Amino acid sequence: MFDELFSAPDVVAATSEQAWVEAMLEVERALTRAGAGAGLIPDEAAEAILAACRPGLVDAADVWRAAVESATPVIPLVEALRGAVPSEHRQYVHLGATSQDIVDTAMMLVASRAVGHILADLLGCGERIEELGREHADAPQLGRTLLQPARPTTFGAVAGGWSAAVRSAHEGLRRWRPAVQLGCPVGSRVEFGAHGDAVAAQIAAQLGLEAVPAWHTDRTRVVELASALGACAGVLAKIAGDVILLSQAEIAELTFTGGGRSSAMPGKRNPARAVLVVAAAHRAPGLIATLFAAMPQELQRAAGRWQAEWPALADLLRVAGGAAHHARAMLAGLRVDAERMASRT
Amino acid sequence: MFDELFSAPDVVAATSEQAWVEAMLEVERALTRAGAGAGLIPDEAAEAILAACRPGLVDAADVWRAAVESATPVIPLVEALRGAVPSEHRQYVHLGATSQDIVDTAMMLVASRAVGHILADLLGCGERIEELGREHADAPQLGRTLLQPARPTTFGAVAGGWSAAVRSAHEGLRRWRPAVQLGCPVGSRVEFGAHGDAVAAQIAAQLGLEAVPAWHTDRTRVVELASALGACAGVLAKIAGDVILLSQAEIAELTFTGGGRSSAMPGKRNPARAVLVVAAAHRAPGLIATLFAAMPQELQRAAGRWQAEWPALADLLRVAGGAAHHARAMLAGLRVDAERMASRT
Amino acid sequence: MFDELFSAPDVVAATSEQAWVEAMLEVERALTRAGAGAGLIPDEAAEAILAACRPGLVDAADVWRAAVESATPVIPLVEALRGAVPSEHRQYVHLGATSQDIVDTAMMLVASRAVGHILADLLGCGERIEELGREHADAPQLGRTLLQPARPTTFGAVAGGWSAAVRSAHEGLRRWRPAVQLGCPVGSRVEFGAHGDAVAAQIAAQLGLEAVPAWHTDRTRVVELASALGACAGVLAKIAGDVILLSQAEIAELTFTGGGRSSAMPGKRNPARAVLVVAAAHRAPGLIATLFAAMPQELQRAAGRWQAEWPALADLLRVAGGAAHHARAMLAGLRVDAERMASRT
Amino acid sequence: MFDELFSAPDVVAATSEQAWVEAMLEVERALTRAGAGAGLIPDEAAEAILAACRPGLVDAADVWRAAVESATPVIPLVEALRGAVPSEHRQYVHLGATSQDIVDTAMMLVASRAVGHILADLLGCGERIEELGREHADAPQLGRTLLQPARPTTFGAVAGGWSAAVRSAHEGLRRWRPAVQLGCPVGSRVEFGAHGDAVAAQIAAQLGLEAVPAWHTDRTRVVELASALGACAGVLAKIAGDVILLSQAEIAELTFTGGGRSSAMPGKRNPARAVLVVAAAHRAPGLIATLFAAMPQELQRAAGRWQAEWPALADLLRVAGGAAHHARAMLAGLRVDAERMASRT
């Protein structure tokens, strides 16, 4: 909700309901090519399916609405795909796969694209912090602990702390690896006979994902992403919080250009971007808890906890993306008042 | 995200970004009428404002996008409204109010409408449970504790437990009271001089809200709603979980009509609606935590935690609404196999 | 953990593992008396059981350790009790009840005693805030929104906001009602025949609890308490946060006597009590989420979620109690610098 | 709370309030030796401090109780240590360090020891699962998705999924690295002049920790541990949940020896250890959320969020440790009924 305000346009686009549906169609295409490569789908059938399985085949809202009946979007998606393929080839559509293969692999695609945008914004944040830090490397500044004056430090040291945290969050997120999901109905790939691992590897190669064994009910990969996103949000909220505190009128060691206005007080300038960072990041811990709580998934596929991952992860990508996007804008407009800082040490 | 799948159409509509904007316009209208009633706005100006301040004045997505600059949607909204009012009356637009007055009061309107839909679905759930319970009041059923056979009970007793929990959740949600927010910039209503309480009472009366003192940074009312919604979701997830367990093929004491299909196994029937109830409800605790964590709001208005309430509360209304909507459909399709039950006792 | 630091001594005592065991023994006593009253237990047997079932019968740590084998403390507790009763009366020990009856009712006793201490501290907080508010009712103070200067208000208005929030949290907690649990193995009281409701009413009357139908798997009562405790913690963290902000050296509108010292800087004074309030309250949202997530309890007794309530609720009582205890001490030492306030308006 | 029941004895001991105090004393010793090594503390003074700074110097409960006054246990600890050192050497006690250096480094020691125990139990879980998987590698078993019969799989494949998840959780936790904290009052190590990094490296080497720059307000390392612990708990709760479902009387494909008893039904056998795994793991997501929410720590040291980490991390170590401990016992008693499995495929 309110992602125009709290998220980043590129991350919103990359995680939209339309983007998920397009990613599911990509997975069906990769599955078709891999099946053909393994000799399980005749070339002619594969061509017919690939011709039909194109972006725009279905309306995303329709798919999600029709998903209610069976609690999975793959049923209406595959039905639409089968309907668009000549009847003699229909048996090869979605061959061997199960709903979870399509949704989990699509979720990895969606996530890895959104993560790409977030990494770019984190990099931008880091560069701007380092620039500010270099500019005021030795500017003396009062250190404050428990919000009370402590000992002098420098703005260079403060920026160094921010920058190290951003780098560490960036590194953590960059380390995360999206992977193909291919388990077939009960996680065993038995539907592909001896070809299971080859088909999975083929799909992974086409989509730029890691080839790994089926992970239907091992959700470690999901919570690892959640944690990395949460660390980004947390690190950025710390910086935004510092900016808010240091730009209090009574301290005013930091100021910002283009500050937000008030609906009641025309002259007031609010740290609007910093507020948006804090607000976006504030929602991350609850979403992370939701994803960790979804880990204990029953037997070969969960009755509710798996499905709950989709909106929770999409929202978490959006709030982490929003924190990074607004932090970058906040830092771009940040000004250091070194004289004012010096006067307090 | 994915609210077509996990939420209820009426609750989605009632909590949409458009609905929030329309509710904010309603609050501006009520404020204008109250200001005129107190003699603070000339009748002619009030009429001009009311003529301009109509649904559709602004595009909701535009408002939320433009809200980024100042971290509040009220700035672009009031600007649009001022732009639509003859210049001589513009000074009376949004008179005396602050962003938080408009957003908090609109949030109450949005919430109370969504709550109305949820209450109706809860009532529907309760009636259907009572019907099933009456039908099989004395049907012996095995009680199971820690998922192991315990002592016999009756389906009537089981349904009685479900029904009492639904009634208690319904009662808790029905008790919650939406209230007007009017604090002016710093929560004191001083901008309205002696008319503050009268203006607040007037707005409340027009919008069907309780008239209470300003609650800018006392968020008790918000978490009370969150808790009541969470209790609904929790109670419904318990029932859906029982339905899933009792409809396992090996137990099969409950069955359902119109069960969901599988993309891989044509003959399989899944408890799709129960799964959607569990999935929707699973997201409630994290959102509740987010809202409780947003309570410590700084001084006269928070720098992030207040703003984080909007999407968290909208999402919580949606998941509670989805749980109630899907639970009602699940219960409508539920069948009790009393013979099978009897065979196990 | 670290409850000497973050909680309140009286709440720690009231919620200790020993206190839970003593409360379980109280419930067994009440059950015995009620069984005798209903004519289900011979007077002689009841007397023998009551003589044995006294505080100190068992070592609490032993009980919780021995609880591992069956995942319930009631098994070792009842065994110890049976062992202390002449063999001819043993059949009347724990008559008709199940583990959950004893633990849930004991949890209500423990909670209601802890709540009593928390209410007293909230009352103390409210009184001190009102005293400060009266003393400086008209002292002008700068209002700050998004941590930037807004319009002037008064300290009286600020204290009024704090006080209203404390009253509302107090009221919410006072409204909560502990209740007896008596469901027997599968929630139906059938073990007591026609006497079930009378026995439950008798137990309730002895223990000062509400007499209600069995609520084995309707956990609404538990989350209602969790919410009320969370509102207390949230309201107090807001006040503590304001104290921390307003006592920053650059603002210094509030000061405190007896501030905490630093291990590195002898002259530094830290807002130690306010920090403890914030730290204690910070843990409430996660515990609340844990309790809401525990609501969907399977069939007649849950396999894990019910048991998870005990530590989560005990911890939540302790952090809410800690917030209230430290807030009271913080407020006792708070000083208002009205001159300094005036200089900023 | 109730750690005798829900946690593991070795993890409880490793994370006790006493263990934290002993770890803080170890840090003070390492700091003293490092200071002497750098020539900042005369050898005689160092010897005197090391002689005084021994386990048992202080009573842990006293330290935590006395910590209230300043919101840090380091004040009473250092006072006790100074009191035990001849007056001419007292100036060298705690030289250069600040509270956070001692507590954070001690937290790392405590965590790494508890993690060692958890890793051992995870390893034990993995070995037992592999043993069971080998024994019944080709035993046909019905796969179940959304708790409805799907396609056949084998118990070998099921155990393979469990085992891969346990290995992945083990690997994630093993990768986590505890590190020294040395920042001095404002994070800059300036108190040690040119010796800062050498002193930090010395302390790290003595305590077996990584030598890294100060991370006072970059809490990434803490949430990385939280995430790794959460993944362990989640993976084990999935297995325990499967055990509970597959040992339902109507399915009975798994059974367990030494199952828990019921206080009301002598013949009943409950999956007690699996229940304890689920109950312990259920508390992890809320604690993880608490730790992520604690990341935005103000300026050079936080006023509440840092302090909230101590109990939250200790509790998280305990619930993850409890899940691993009870899972190991659950798996030790697990029996596979291959005939019964075969009859369902």
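Each chain gets a letter, A, B, C and D, in the order it is written, and its residues are counted from 1.
The criterion applied here is as follows: a contact is a pair of C-beta atoms (placed from the backbone, for glycine too) under 8 Å apart; a residue touches a chain by one contact, two chains touch by 3 or more.
Predicted model only: the values in this text are computed from it and were never measured.
Remark: among chain pairs A-C and A-D, A-D carries the greater number of C-beta contacts. Set against the C-alpha centre of chain B, every other chain centre is closer than that of D. For this pair, chain A with chain D, the centres built from the Cα atoms lie 28 Å apart.
Centre-to-centre separation of chain A and chain C, using mean CA positions: 38 Å. Shown for chain B are the residues that touch two or more other chains, namely 71, 98, 144-147, 150-151, 184-185, 237, 240, 244-245, 260, 262, 265, 270-271, 275, 278, 281-282, 285-286, 288-290, 293, 303. Partner chain B is touched in their complex by these residues of chain A: 1-2, 4-6, 15, 17, 61, 64-65, 67-75, 78, 94, 97-99, 102, 184-185, 191, 237, 240, 244, 258, 260-265, 270-283, 285-290, 293-294, 303-305, 307-308, 310-312, 314-315, 326. Here chain D touches chain B in the complex through residues 144-151, 244-245, 247-251, 260, 262, 265, 268-271, 275, 285-286, 289, 293, 344, going by the rule given at the top. Listing the residues of chain B that touch chain C in their complex gives 71, 98, 143-147, 150-154, 157, 161, 164-165, 168-169, 172, 184-188, 190, 213-220, 223-224, 226-227, 230-231, 233-235, 237-238, 240-242, 245-246, 278, 281-282, 284-286, 288-290, 292-293, 295-303.
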